[in-house]
Amino acid sequence: MAGNSIGKEFIVTTFGESHGKGVGVVVDGCPAGLPLQEMDFREELDRRIPAEPKIVSARIEKDTVKILSGVFKGYTTGAPIALMVENKETKSSDYEAIKGLPRPGHSDYPAHIHYGGFNDYRGGGRFSGRVTVALILAGVVAKRLLGRYNVDVLAYTKAIGKVKSDKKFTASEIRKNRYAAATRCPDLACAERMEEAIVTAKEAGDSLGGIIECLALNLPIGVGEPLFDALDADLAKALFCVPAVKGVEFGAGFKSAELMGSENNDAFLVKGGKVVTATENAGGILGGLSSGMPIVIRVAIKPTPSISKEQQTINISSMQLASISVKGRHDPCVVPKAVPAIEAAVAIILADHLIRSGDIPKILKEH
Amino acid sequence: MAGNSIGKEFIVTTFGESHGKGVGVVVDGCPAGLPLQEMDFREELDRRIPAEPKIVSARIEKDTVKILSGVFKGYTTGAPIALMVENKETKSSDYEAIKGLPRPGHSDYPAHIHYGGFNDYRGGGRFSGRVTVALILAGVVAKRLLGRYNVDVLAYTKAIGKVKSDKKFTASEIRKNRYAAATRCPDLACAERMEEAIVTAKEAGDSLGGIIECLALNLPIGVGEPLFDALDADLAKALFCVPAVKGVEFGAGFKSAELMGSENNDAFLVKGGKVVTATENAGGILGGLSSGMPIVIRVAIKPTPSISKEQQTINISSMQLASISVKGRHDPCVVPKAVPAIEAAVAIILADHLIRSGDIPKILKEH
Amino acid sequence: MAGNSIGKEFIVTTFGESHGKGVGVVVDGCPAGLPLQEMDFREELDRRIPAEPKIVSARIEKDTVKILSGVFKGYTTGAPIALMVENKETKSSDYEAIKGLPRPGHSDYPAHIHYGGFNDYRGGGRFSGRVTVALILAGVVAKRLLGRYNVDVLAYTKAIGKVKSDKKFTASEIRKNRYAAATRCPDLACAERMEEAIVTAKEAGDSLGGIIECLALNLPIGVGEPLFDALDADLAKALFCVPAVKGVEFGAGFKSAELMGSENNDAFLVKGGKVVTATENAGGILGGLSSGMPIVIRVAIKPTPSISKEQQTINISSMQLASISVKGRHDPCVVPKAVPAIEAAVAIILADHLIRSGDIPKILKEH
Amino acid sequence: MAGNSIGKEFIVTTFGESHGKGVGVVVDGCPAGLPLQEMDFREELDRRIPAEPKIVSARIEKDTVKILSGVFKGYTTGAPIALMVENKETKSSDYEAIKGLPRPGHSDYPAHIHYGGFNDYRGGGRFSGRVTVALILAGVVAKRLLGRYNVDVLAYTKAIGKVKSDKKFTASEIRKNRYAAATRCPDLACAERMEEAIVTAKEAGDSLGGIIECLALNLPIGVGEPLFDALDADLAKALFCVPAVKGVEFGAGFKSAELMGSENNDAFLVKGGKVVTATENAGGILGGLSSGMPIVIRVAIKPTPSISKEQQTINISSMQLASISVKGRHDPCVVPKAVPAIEAAVAIILADHLIRSGDIPKILKEH
């Protein structure tokens, strides 16, 4: 059974391939009454493409969305919202040459098996980073919806390769600075060193990964549906659907495994009439439910598998060893492009769960 | 909308609370023709309770399962399999005293909000580690099913607090040694130091967490249903449903964020007529599909939040600060008990996906 | 993929077989705060067994329910509610004799194929009318929930074989009289003739079917989730899951196919400040949404396939013709027993949809 | 929670409105390896528009499909198939005039409530018959898939108003004649009288309904997933999603309610080495599973609610009585247009269930 939908109330179904007609999404279950127009998608789509050309691939996809359904007189109607971005610049010939040579670190080989050889392999087809555009489209709808309830989702780069920023940022610093840097790190001094690291890797025909942190602010208390639709469980599922993600942790995460209970537990206290915690090791989630504190997620992104350095692979017809150098337009580091995708994945799950919990109604009131 | 079911083909619905009549599960979609009897559950249920009384809580739940439906003449019928374990030793009075004082690190506070105060709070109720018994019951069915197809799931303790074992074990070493140690670490020398660490924490009225590694061996190539039911995504979701899990990573995981692409990519090669990879950084999953290499997962378990050390909390009626010392029977470290739960979570998802991919049929052939 | 669950918010999963340990249900998604105790199930379970022994089978199942989870201090908690009724009087030997001879009109033959011969064939196993007990258990929960919102579901017998009542009853007549008659027809004179018809059929070793009408009153306007979870679509689905149902129609139903648009359309008018319709041909549903008028459903029940009259079948081993006379305890007409099952099916779908529409919240207010 | 998807393996999500950009569908779960091109949709889309202009509306929608994703080199890839038909001839001004006056027999009034007034009301918006185009698109994919396994779905008109054909047709007669008649009745003499009845109704500013029968041939035995995803249950659900359907019955249907068990039971016998039944009262389904005999379904279609005759309604702003005469392009009888929609609904469910049962694999073999 296929699995191209996610969410139970805010149901996102994506379609499309890297080198086909385009990529798109159907969002079913978005409440009626949300203002939405094609212009709303522009900024977020542009954020996928850092202004700094040194650190991105040559394929500059200037994407524009078409709203195919579900919006009438500028508001969502409650019917499914279909959105699509057409593919423009596709150079499929790049891929024919290496068709029978699975690229190390890519899904080529298991995808060939899974789909019996019928899959569209051009540019990774359905597995391409290009498909995150559909996620971002749904994420824009989710974020506008969350925005009405003051919930904010903010992702930013925390590390590129071995260059890390351990600064703790305020929400307004993140908002102000993250898109100022091509690497999406709000610590601008560090951002520059990250950029240098990417350029160095690119020049060596190699690539880098990194770590993205994502905050979700102002979530109501008690959101999540344990046991199996626990908030952290659903967030993790969505995050692992973003290509190149290899690890997800909440709050203190892997570090909590080394702490004593007395160190790791967040003591409760009252602040401004609200129950808060003294520390934030739980990352805003207790027992699969939001605690009212900021959600803090960290995601590990592996280095781009497409590198021009020569690698060893096999020819799947002859089962002989072969060598491969992946040419074409590839990002030496996908972390900057992944930032809005991570944000979209988180926003989609939060929108879904806020509808599930009843915090967002089926029909929005006039603003 | 509630969320107490997981899986799309092998559908697991759990029910029950820590201090109610019992905990149970309905498994819908288990293929017909799998030999199954009550005895098959005994060993796995016993594994929850390490033999070494020093490191576990005083509540020794000697659990026995009842098969309520779905099995006839010793074989599964294809109808839903309902399984239940009754609760015996429950001391509910322990919990009445601290009812209005949410325990730090526990779900008490958000659960109170989420369920409007109607939730069964005794022993954490639906959020208790006790509920993993239901997961383990479903896991036994899943593992027997996987076993017919030679797929093996092996979890073991890799770290308790700061005591870690970096040994790489063969599958047969893991099988042989992990249940020999109360801490479920197959590195028996290290296991002893882990045990000491737990005893020390316990004596201090404190607790420890740790890291569990889980392998899945002999999975066919191409299992998983991207985009959204990617194999790693579904595994992560299930793993975050095990209480106390705060991080999940596959293969090199968070470490891959620091590697160059040329270091992290696993080169393909041919071995014994099969396509394999030279390294195992991907953890057996590429693009959300199994690659044919062993699945390698690491899970961070936080220290038990229930500690007898005094902690700060609030009284939710008066909104005044209060202090709490969690009495009663608590494990100073839940990692050993979590090992079979992690295994169950992984086995359930693999069973689900092997049916989804068609690798396991709806009716099993005679063995 | 198996399909033993129904509903998306009020999710009902049934388990159990006719001659196994019992039959049960897990209800996930019932709002927290609904008063519920074992006693609440008694009346409805008793309604399955008409007082008049002449028209029912000799198997008098005096059923008592056990609440296994999800209820605490007399209220639902928001956690899954597991309910079970044990089987007592089971004479399995009745069925061994005819194991290889599929009974005409029963599921024996396709079930044997579907489950590869592993299915529990005793008394029809999973396909037995006995399994409607699980439906009724979930229906009791649904009806109590609907009752809090003044929604009433009332089914009653409209025809047994060729004996029909064309009277239109008020809701209070239905409530008062339907369970007064063993045949569940509130037209008591007609009910007597129905009973005679059943007795005559029984004496001839034969059986009868009939028609059940079901009303749902006081539903809010606009309930339903078109296109595919249209209210009538989901009701029809649930109704066809009640054994022996062969037809479902709403309002004028099949008769509307013969009417002119000007006759069939229900004109709108205002009555007591509310929008109502002058006629009720639509059966309370327009475009898959409740219109605010009473829902009117009619269901065709086929005659009991188990008859003692000799019938022709085949021996599935030898593929030779054979004759069969179904002995054992069988109802000569299942219509009276089906009345509470139809009511349960309708109540479950309405509860599900009223939660979906937001008309019933996740946490019930104190009454 | 919205409900614009149907199916569990062959998952159909529709989008679009009558007067928006277009209507479309995403099919997720279609096996890889099915030949598919835009041309394949033409014939079925053309079948919606009978050649005889006297009996249809003036809106002649010459529809052409775009395959947006999921097909590569002429074959389905296993990825989601997105299909879309643009709306061309839309006269939205027709509808603005009657915006506040709900049309009797239409969903206008409950839809207004359900969507809080945000719904696209032009031409019924999401509730328009126009939306069946999306169903038909998915049906084309389903029918091509079923065709590979020799399963044939054949719907045709059995009655228009009071004009009925009681002939029993062979499959080849149906195939040959049903699209020869504008009314889609293979009994060509009767078809002519049906056409006259429609013309008469049209001239009177009125409309007609009718009955469609649908056969499904060559289905394997044992298809269906009881209890709740019984084959008849899922078929009925899909059929009630076709606009204007008010009743669904299988085999003898409502008539079986009047038969004795000995009359209604279909005796088993062996024919050509296969188990068949002497009669076909069950309509090919026993216990929610296909029996191997032809599936026989009858569907009641109500008369078109849009009529030019004056009707009574209310003004929803003023709550005053008003009169309405529905102008614009309306079919005086939707039965002919509904025939391919019924076929599509049945085909979609059968494709879904044949994948569920394992009769259709995930990857199709070369033909």
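By letter and in written order, the chains are A, B, C and D; residue numbering begins at 1 in each of them.
FYI, contacts are C-beta pairs under 8 Å (C-beta built on N, C-alpha and C of every residue); 3 or more make two chains touch, one makes a residue touch a chain.
Note that the structure is predicted; figures quoted are calculated from it, not measured.
With centres computed as the average of Cα coordinates, no chain lies farther from subunit D than B. Ranking A-B and B-D by contacting C-beta pairs places A-B first. Here the spacing of subunit A and subunit B, counted between their Cα centres, is 27 Å.
Subunit B and subunit C have centres, each the mean of its CA atoms, that are 39 Å apart.
Between subunit B and subunit D, the centres computed from C-alpha atoms are 46 Å apart. The multi-chain contact residues of subunit A, meaning those touching 2 or more other chains, are 1-5, 8-9, 14, 114, 126, 357, 362. Residues of subunit A touching subunit D in their complex: 1-5, 8-9, 11, 13-17, 20-24, 26, 28-29, 32-33, 66-70, 72, 75-82, 84, 114-116, 118-120, 125-126, 355, 362-363.
The touching residues of subunit A, counted against subunit C in their complex, run 1, 8, 357-358, 361-362. Within the complex formed with subunit C, the subunit D residues making contact are 1-6, 8-9, 12, 14, 102, 104-107, 109-114, 124, 126-127, 131, 159, 161-162, 201, 204, 206-211, 221-230, 232-234, 236-241, 243, 246-254, 256-270, 273, 275, 277-278, 281-283, 286-292, 300-307, 309, 311-314, 316, 319-321, 356-357.
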